[in-house]
Amino acid sequence: MANSKFEYVRLFEQPDALLPNTWIVVRLDGRAFTKMCAKYKFTKPNDRRALDLMNAAAKAVVSDLPEITIAYGVSDEYSFVFHKTCNLFERRASKLVSTVVSTFTANYVYYWATCFPDTPLSFPLPTFDGRAVCYPSVENLRDYLSWRQVDCHINNLYNTTFWALVQLGGLENKDAEKALAGTVASDKNEMLFSRFQINYNNEPEMFRKGSVVFRDYELVDPESHQVAEDMDSLAEPARQSKTQTEKDRRRRSKARLVVEHLDIIKDDFWDRRPWILSNKPGLAPKEP
Amino acid sequence: MANSKFEYVRLFEQPDALLPNTWIVVRLDGRAFTKMCAKYKFTKPNDRRALDLMNAAAKAVVSDLPEITIAYGVSDEYSFVFHKTCNLFERRASKLVSTVVSTFTANYVYYWATCFPDTPLSFPLPTFDGRAVCYPSVENLRDYLSWRQVDCHINNLYNTTFWALVQLGGLENKDAEKALAGTVASDKNEMLFSRFQINYNNEPEMFRKGSVVFRDYELVDPESHQVAEDMDSLAEPARQSKTQTEKDRRRRSKARLVVEHLDIIKDDFWDRRPWILSNKPGLAPKEP
Amino acid sequence: MANSKFEYVRLFEQPDALLPNTWIVVRLDGRAFTKMCAKYKFTKPNDRRALDLMNAAAKAVVSDLPEITIAYGVSDEYSFVFHKTCNLFERRASKLVSTVVSTFTANYVYYWATCFPDTPLSFPLPTFDGRAVCYPSVENLRDYLSWRQVDCHINNLYNTTFWALVQLGGLENKDAEKALAGTVASDKNEMLFSRFQINYNNEPEMFRKGSVVFRDYELVDPESHQVAEDMDSLAEPARQSKTQTEKDRRRRSKARLVVEHLDIIKDDFWDRRPWILSNKPGLAPKEP
Amino acid sequence: MANSKFEYVRLFEQPDALLPNTWIVVRLDGRAFTKMCAKYKFTKPNDRRALDLMNAAAKAVVSDLPEITIAYGVSDEYSFVFHKTCNLFERRASKLVSTVVSTFTANYVYYWATCFPDTPLSFPLPTFDGRAVCYPSVENLRDYLSWRQVDCHINNLYNTTFWALVQLGGLENKDAEKALAGTVASDKNEMLFSRFQINYNNEPEMFRKGSVVFRDYELVDPESHQVAEDMDSLAEPARQSKTQTEKDRRRRSKARLVVEHLDIIKDDFWDRRPWILSNKPGLAPKEP
């Protein structure tokens, strides 16, 4: 039996392949997480269990999709970076976004019981939405990640001070808001220290810097190459055979994934880990 | 602290709003479900537990997003139809697709233990990808749904016969394939009946017709209106106030959702349920 | 000699086909026409030679592209409507827009000497930019055209009064502006009549209504069909053979093109000319 | 009078801004130029008047749009490169394409009488279609231009030999085709030389290399900078004030435009003219 009479409807599907040779960032955000936080009584300003759960889900995504070279998460959002040479799903935006979001969500729900053993999930379940953005140059890509990490810093300093005022200082929410209106970073640092003896720099790095997921190879001595100068050529891998590409992909998929809380704005992070931009597997890390 | 130095990266995000006044279909498909079927030993040709799980997840999606007017599922795929007047997420494709896929996935993982109480999930978890397609007219939309239901019929008749040959007839897979090569529908019906005493029309409707999710209101007598003629004007709701629109949305979100296994190709299904195309809530169904 | 080393750059070209089964409007606008008007001393508020030139160029476009079913122009803009079934250039936006703009521009420059025999062109030459927009329903399409014609009316009434105040009333431009600030249509009509004995309704129809380009067939008695009801089905032509489609295309390309100045907001225009929405050639017009 | 009832139709216009920080190439092609060549009896294999006309029109485009940094033409096609920092028309594809095509067409029709003084234009007039493509890196952009120039070489060698066989050798078209089937470049060179005493390398450079339009500044000694290494950083202009950008734009718009016939595949062309990729005006050229 032919299906031809109705099959014309396939022609309405419009192509959405992303521009070749650009870095693809898929960012996902929790939907209605303010309500979620209240419903499940997440600790303020940061709930370590909730962040651990985000990180576990993100690690599963990077593990399932070796084309992802780095991921960065903060609060209820996570950004996944596909290397600019990536050709997964022929770079179709909807396939990339939906696959990342679906894998993240599946793992988030699955790991919930591990991170919140005493708090069963209830309806509506936690969900995420996502979008894809292309960045043509390494500079643009690093600026994107810097933008997210600066945002993490700004929000976390604010929230840490706000909740200190409320939880330790006994202020009402709206009074804490007023107390913070117009303050700059140094004011908040000062407020935390003088009123509550909190040194912001001693706060956990996970809260202050967010979380970075990447493959763990042996660090490279930044002195050994002209890192800043080499950035773009690093990202331009030598043309190689399909066999080699497939071999690299397999090596990447076997590499150990780590979640760390590092500064990714400064050059040092990138200089020591050239494989992130080059997408070429590094050396196995030395045993400790 | 200003975040301006890096914030320019937001300009790289490209708009993806779908054309107004068109029906939006978001279809999702299971990723690598052939492997899934083998891993979890799904019954062939149809696993009722797996279909029940798909339907439970789909019902949760339609319940969470009252802008969806109907959904249709078969095998490991599901199509969700947003009414052409829908303005959810300003009709942004990536938000619509990712929200549907995320909600579906969350519920699929959540309900797994209910449908497969003896088979715990293992990695990689089940995931789905999705895409959005716009259809300008009611005719195009119905042809899309007909296309999926015809596909369901073709595949299910083939699979039913194939697995009868293998499971009841003792054929090897490749011999069953050969036996079916070049056959038409009537040949398969005949094969099922003469060799295995199976009357295909007695197979469960869920397998033969797929599953339709919609809101349950009192059926309308198709004689009472010129249904075929009214189709397009039905879909053109009178302009109404925001209050009325919001009131309708709430009424829809409270309506009882049903999952049925009906013919959605013929007019009758649509004639009796004008609220699906009009997006205007119907009357509460009569108590039985 | 193979060209393969560089040929990969073709992959960067991104598809831009417009959604099937929607009306395509290509609108073009004169670039920097305020300067043009000053340079070539166009008559204010309307220069008949300049409008004749626009119309001649538009007629050439409709003649060269029989897929265009109607065009509407006012001032330095023109809108060309491709029937929703049109498949010219596989509906690629850039091809449609650039072809319309190029054909219009070529004819505008070519006919310049005819319309402005005493004013040779000088650099920079007159140019136009364009864009394509899709409309899913007949209602949307007619609303688009009504929008342009209402705009024509609003602007022309304003300009007619403004230039009467300046040219006949001796006001400075900025004083005329002030005199018109806050006035409604009836105020301007009154101003024209009481101060300058101008009855706006006696102004030329070309200025008040803009110009409509279409193929001229025998008018249809609106009583003979349920026009309002039939609008959408009219636009849904019966499926027909390629031969028939090609025959229709040739008949359209031979039909006489007219430029008229009619109300295209009310139903009457459309009721009498069903071929515009149906894209089916009408009967040859009766000889006068 | 408000225009609000119909104005909603503006919402159907979909944004088409091209990805920031990418090189934009607008390529236009003559429509139905095979017919044109026959109608106006263009000389085969190259008509110098027709190429001069293409070049005059291209020069006018580059002159009108100082955001174009280089243009390359061959036969009836021309490619215009907008610098990757260009923000003209907010990078909207339809505006960029239509403006280039319209300006080119206007000048082509205008200059026709100069280049073909004895051959008046007739209907249908010559027209062009166009499209925009983005290239993220300098390497991609140069590969695009190399692709076009290699194409020029391949086609011109073929055409030169083909028409020598026909015009000088007395062959029928189809016999010349057969004679060339399966030949490589060296075969054609040999054929030209041994049969017709034509040394292909002595053919005019305009025919063999196509035409390059760019601004003429003082050439730079390629020894003076690490050209290959600097390519990408060259293209990354220092952030500068709006005043400076505007000043640069004005200087560019005053620079002398030249049309030359050079090899743009090798590095030398680019090394000596760093302003093309940097978009920073060079020094005024030394007087000869």
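When the chains are written out, they are named A, B, C and D in that same order, and each has its own residue count from 1.
Here, contacts are C-beta pairs under 8 Å (C-beta built on N, C-alpha and C of every residue); 3 or more make two chains touch, one makes a residue touch a chain.
Quick caveat, the model's predicted, so the values are computed rather than measured.
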Other chains in touch with both subunit B and subunit D: A, C
Same or different residue numbers at the subunit C/subunit D copy interface, by half rule: same
Which of A-B and A-C has more C-beta pairs touching across its chains: A-B
Chain of greatest Cα-centre distance to subunit D: B
Centre-to-centre distance between subunit D and subunit A (centres being mean Cα positions), rounded to whole Å: 43
Euclidean distance of C-alpha centroids - subunit A vs subunit B, Å: 32
Centroid distance [mean C-alpha coordinates] between subunit C and subunit A, Å: 51
In subunit A, residues with contacts to at least two other chains: 12, 14, 19-21, 134-135, 140
Subunit A to subunit C touching residues, read off their complex: 11-12, 14-15, 17, 19-21
Subunit D-facing residues of subunit A, complex: 19-22, 84, 134-137, 139-140, 232, 236
Of all residues in subunit B, those that touch subunit A in their complex: 1, 3, 5-10, 12-14, 16, 28, 31, 60, 64, 89, 92-95, 97-99, 101-110, 121, 123-135, 140, 143-144, 146-147, 150-151, 153-154, 184-185
